[in-house]
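Here chain A shows up in two complexes: once beside chain B, once beside chain C.
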Partner chain A sequence: MKKNLFIVLLLIIAFTLPLYAGAYVMSVFNTILVFMALGLSWDMMLRTGQLSFGTAGFFGLGAYASVLIVTNMGFNPVVSLFVGAAFSGLIAFALGFIVLRLRQIYFAITTLALTHVFSVIIRNLSDLTGGASGTQLDTAIFGGNPTKLYYMILIIALFTILISEIFSRSRIHYAINSIRNDETTAKSSGIDVFKYLLFVFVVTSALQGLVGAAYAQQYAFVNPESTFSLNFLLLPLAMALVGGIYSTNGPIIGALILGLISEYLKLIMPYGHLVVYGIIIVVVVLFLPQGVYTPIKNKLLKSSIVGGDNNAQT
Partner chain B sequence: MPKLKANNIVRRFGGLIAVNDLSFEVEKGEILGIIGPNGAGKTTVINLMAGTLRVNEGTILFNDEDVTKKEAHIRNRLGIARTFQIVRPLENFSAIENIMVGALFGKGDKLEDARSTAQEICDFLNLKNVNKSVDELTVLELKKVELGRALASEPEVLFLDEIMAGLTSDETWELMDIVKELQKRDMAICVVEHIMKVVKELTHRVIVLNQGEIIAQGPYSKVSENKEVIAAYLGEE
Partner chain C sequence: MSLSLKKTYTIILLLAIFMIIVGFWNPNALMDGLQRGSLYALIALPLALVLGILGVLNLAHGEFLTVGFYFIYMLNNKFGMDPLVSIIPTIIFLAILGGIIYYLTVKKVVNKGHLSQLLITFGVSLILMEVVNIIWTSQARNVYTQYAYASTEIGGFRFGTYELLYVLFAVAVLVGLQLFLKKTRLGQATFAVGQNPKGAKIVGINVEYVYLFVFSLAIAILGIVAGSMLPRTAIFPAVGSPFTLKSFALAAMAGLGNLNGILFAGILLGVGESAINYIPNYGGWSDIVFFGVLIIVIIARSYRGAK
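Presenting the complex of A and B:
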């Protein structure tokens, strides 16, 4: 009950933020929500045991697909978000048949290489993509209205959270956790390992494409360097690690913590904030390898679990 | 009609022939023992039959259907289940969740049904502590979880790979009673076992492997007197 109340409270704050926050605060949370959605989608793939470094790549593909069909084919920008998601999902589906044969470091490094390959291809298709200088839109989505942009990203982040929760409350949870734990046992227990890996890879890539499309639409701009920037891999990854992997709440908490800290540090020491940022990540990974969320949750739950045990015994 | 039949199966690892032109079958309601010295290819045979490994040559028939090229998860859904010699519990799940995995994917239960299927199996196995995480379980409980996950897929053929290893005498008897009960339910069961008292007590028939080939087969009482078998186990005189 308490937990539900807390969630409702957070949702109310999230939805009413534009009423009392200015454009600056909204843009800060806008950025945090972008990285939150990316971090969560990265974590969903990690739950299968596959460490993907392709987040920035699928983010960039979605961004380009969305911008190009608006400039070249006159699509409605809102529709183009879905096209961006679908395009990233489609490419992930095709590539999945190859890269999902790989495991561990080989999978990780291949997905990282793909990110680079995507950006090189796009740079060289200059007739279509504008090459190295990129492509600009005439106007940002929703005319660049900060409130509407904030709601767009909020809805995408909530959608990602919803998918993550569906993952952890359905049979998918049992399949992907089994695969991460022991693939041989998973197979011997009737789990179609490749099917589940492909499914999760396509879903998470499509989410990354959706976020990329929304990001590109709000800045009305794509270019190979900034759109495929490794920031869209490393920051979400750091947030998920700091918050705690293999859960929905971990990446959410990590994104809030690191997002707010980095924004604050940026104000008090421009550029120096990256150093502090790095130190926080190192400290958390060293001393709280499970992230911030799990130890806190266990502490909070401890009293209620002890109570539950006592009840069971009496 | 045999439940499961291997026809001249061969498996090589590089230059080593682990299983060489092996044929055997198991009927429903039968407990078949697979014995042999270390390195004879017993576990490889299980891996081949359950689909964990592919055969290089030969065919495998399940209910007269050719499953040679079917993957492990398909064979499990059809009705071939196995346990692992070194237990392989899913460590981020509780005991009952481990068993639920078999019900969800091997049997095809819906999420809401899987827990009750798993609970029934826990009751059958006399497995308490179902909500404990697997790193808190005893060896016997881990073996029961391993067996439970296999049973949850409702197999017609069950491979048990040294499931008694490491258990005390009392625990061994407890598991043997469970296996006998499964046999009464018409399951076809293949046990790989090193403990001869278990083989003697449990099996209707044994095949003896040495260097990937069958060197003897028949009831345990006959086979245990076979000179070649004694030589393979104890070395030539």
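Presenting the complex of A and C:
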């Protein structure tokens, strides 16, 4: 009950933010929500036991698909968001048949290499994509209105959260967890491992494409360097790790913590503020493998139970 | 995965034919590819060593190279030390740095899953790159030496001689590593640890020490790369990063534990890359060679493994 109240409160704050926050605060939260959605989608793939380094790649594909379809075919920008998502999902579907045979470092490295391949292909198809200098749109989506942009990103982030929750509550999560814990056992229990992996891979890639499309439409600009930047892999990954992997709440909390810290650091440290991300990744992997969310939750639960017992005794 | 002698000869023969074809088409492409390929192999050898012995893919490999570059740049800038001479202090510096970083981070995840290993080296790579960024900013820097631009002419074909140093160093490091692994006691112990860490522990090998030594050695070798490459390259904080993935491409192509194969693979991909680079209007596609080959090799291996 208390938990539901808390969620409703957060939602109210999120939806009413434009009423009292200025353009700067909105843009900060805009960025945080973008990385939150990416972190969640990365985590959803990780729940199957596959470490994907392809987040930036599918993000970039979605961004390019959405921008090119607006400039070349005159699509409505809002429709182009779905085109971006569909394109990333489609590419993921086709690649999934070969890539998802791989495991461990081979899967991780191949997805990272795919990101580079995408960016090299796009850089060299200069007639279509504008090559190394990229492509610009005449105007950002919704005419660049910050409030509307904020709501667009907020809705995408909430949609990602919703899908993540569906994944962790519906029957699918039994299959996903058992694949992560022991693939052979999962297979021998009759789970079609490949089918589930492909399904999750396509859904998460489509989400990344959707976020990429929204991001590109917001800035009205794509370019191989910045659109396929590894920041779109690193930052979401660090956020999910800090919050705690294998859960919906972890990446959300991590994105809020790191997003606010890095925004502050950016102001006092023009060069190399990303070093904080590196230190956080190392520290979390070494000392907090579960992130901050799970230990705090357990502690709270424990203390409330203990408190209850004490009350009963007295 | 060890190759039979006959198979090795076939590979060398095919490589030679490929190089001769490229050489007739464009001698510049061949020379450039040979030099470039040796450099890639030189950088990939230590990565493959760590991957083979520790089983850890060090994603911070390229960033250690970057640190080596800046260390040599600093020696040159402050004390006017020649880059080639400063290889020696750099090797010592990198060995210590590698040892410290191994002790603080990698050591704790050697026996854990690949997820922790990849993430932690990812974190280390970010730290190294950003620390360089904080100290030296993102401005590009370079070191000028006269000899780096020397060239020779053979039968009307003019080429830079300095970069032949990469070929020399690549062969020397490869031979040195092989001799170390086969002839010295520590090398044999290293080999044993790479084969079976548990078994090595049972027969009394100090596995922890071997890991530390191998990691330090691998990072130290990057000092050679940094010193020989600096006169010809401008450096910036992300200069080493692309080499991590390229090195892994070579290691995956050669197969785990096949150090000789890395030199062949390096030269093959180097020549392939520079051949595409010399095709007018399509030069930009050369970047795809490594990643394309990497993906194809990994997937082909997975199919072969399934059978």
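In this section, the second predicted complex is superposed on the first by the 298 of 314 C-alpha atoms of A that agree within 3 Å, B and C clash if a C-alpha of one lies under 4 Å from a C-alpha of the other, contacts with A are read in each partner's own complex, and residues count from 1 in each chain.
Following the convention adopted for this analysis, a residue touches a chain if its C-beta (ideal position, glycine included) is under 8 Å from a C-beta of that chain, and two chains touch if they have at least 3 such contacts.
Computed from a predicted model, the values in this text were never measured in an experiment.
Bringing the complexes onto one copy of chain A puts chain B beside chain C with no clash. Taking the C-alpha centre of chain A as the vertex, the lines to the centres of chain B and chain C open to an angle of 80 degrees, rounded to the nearest 10. In the superposed pair of complexes, A:Leu234 makes contact with chain C only, with no contact to chain B.
Contact with neither chain B nor chain C is seen for A:Tyr20 once the two complexes are overlaid on the shared chain.
The partner of chain A that touches more of its residues, comparing chain B with chain C, is C. Of the two partner chains placed by superposition, only chain B is touched by A:Asp192; chain C is not. By the touch criterion stated above, A:Arg171 is placed in contact with chain B alone, chain C being left untouched. In the superposition on chain A, A:Asn181 makes contact with chain B only, not with chain C.
Think of it this way: put the two complexes on top of each other by chain A, and the tightest Cα contact between chain B and chain C is 10 Å.
Here chain A touches chain B in the complex through residues 170-171, 174-175, 177-178, 180-182, 184-193, 246, going by the rule given at the top.
Partner chain A is touched in their complex by these residues of chain C: 57, 105, 108-109, 114-116, 118-120, 122-131, 133-134, 137-138, 245, 248-249, 252, 282, 284-285, 287-288, 291-292, 294-295, 298-299, 302-303, 306.
For chain A in complex with chain C, the touching residues are 46, 51, 98-99, 101-102, 104-106, 108-110, 112-114, 116-117, 120-121, 123-124, 234, 237, 241, 269, 271-275, 277-282, 285-286, 289.
By the touch criterion given at the top, residues 50-52, 71-73, 76-77, 81-82, 84, 88-93, 97, 100-102, 104-108, 111, 114, 149-150, 153 of chain B touch chain A in their complex.
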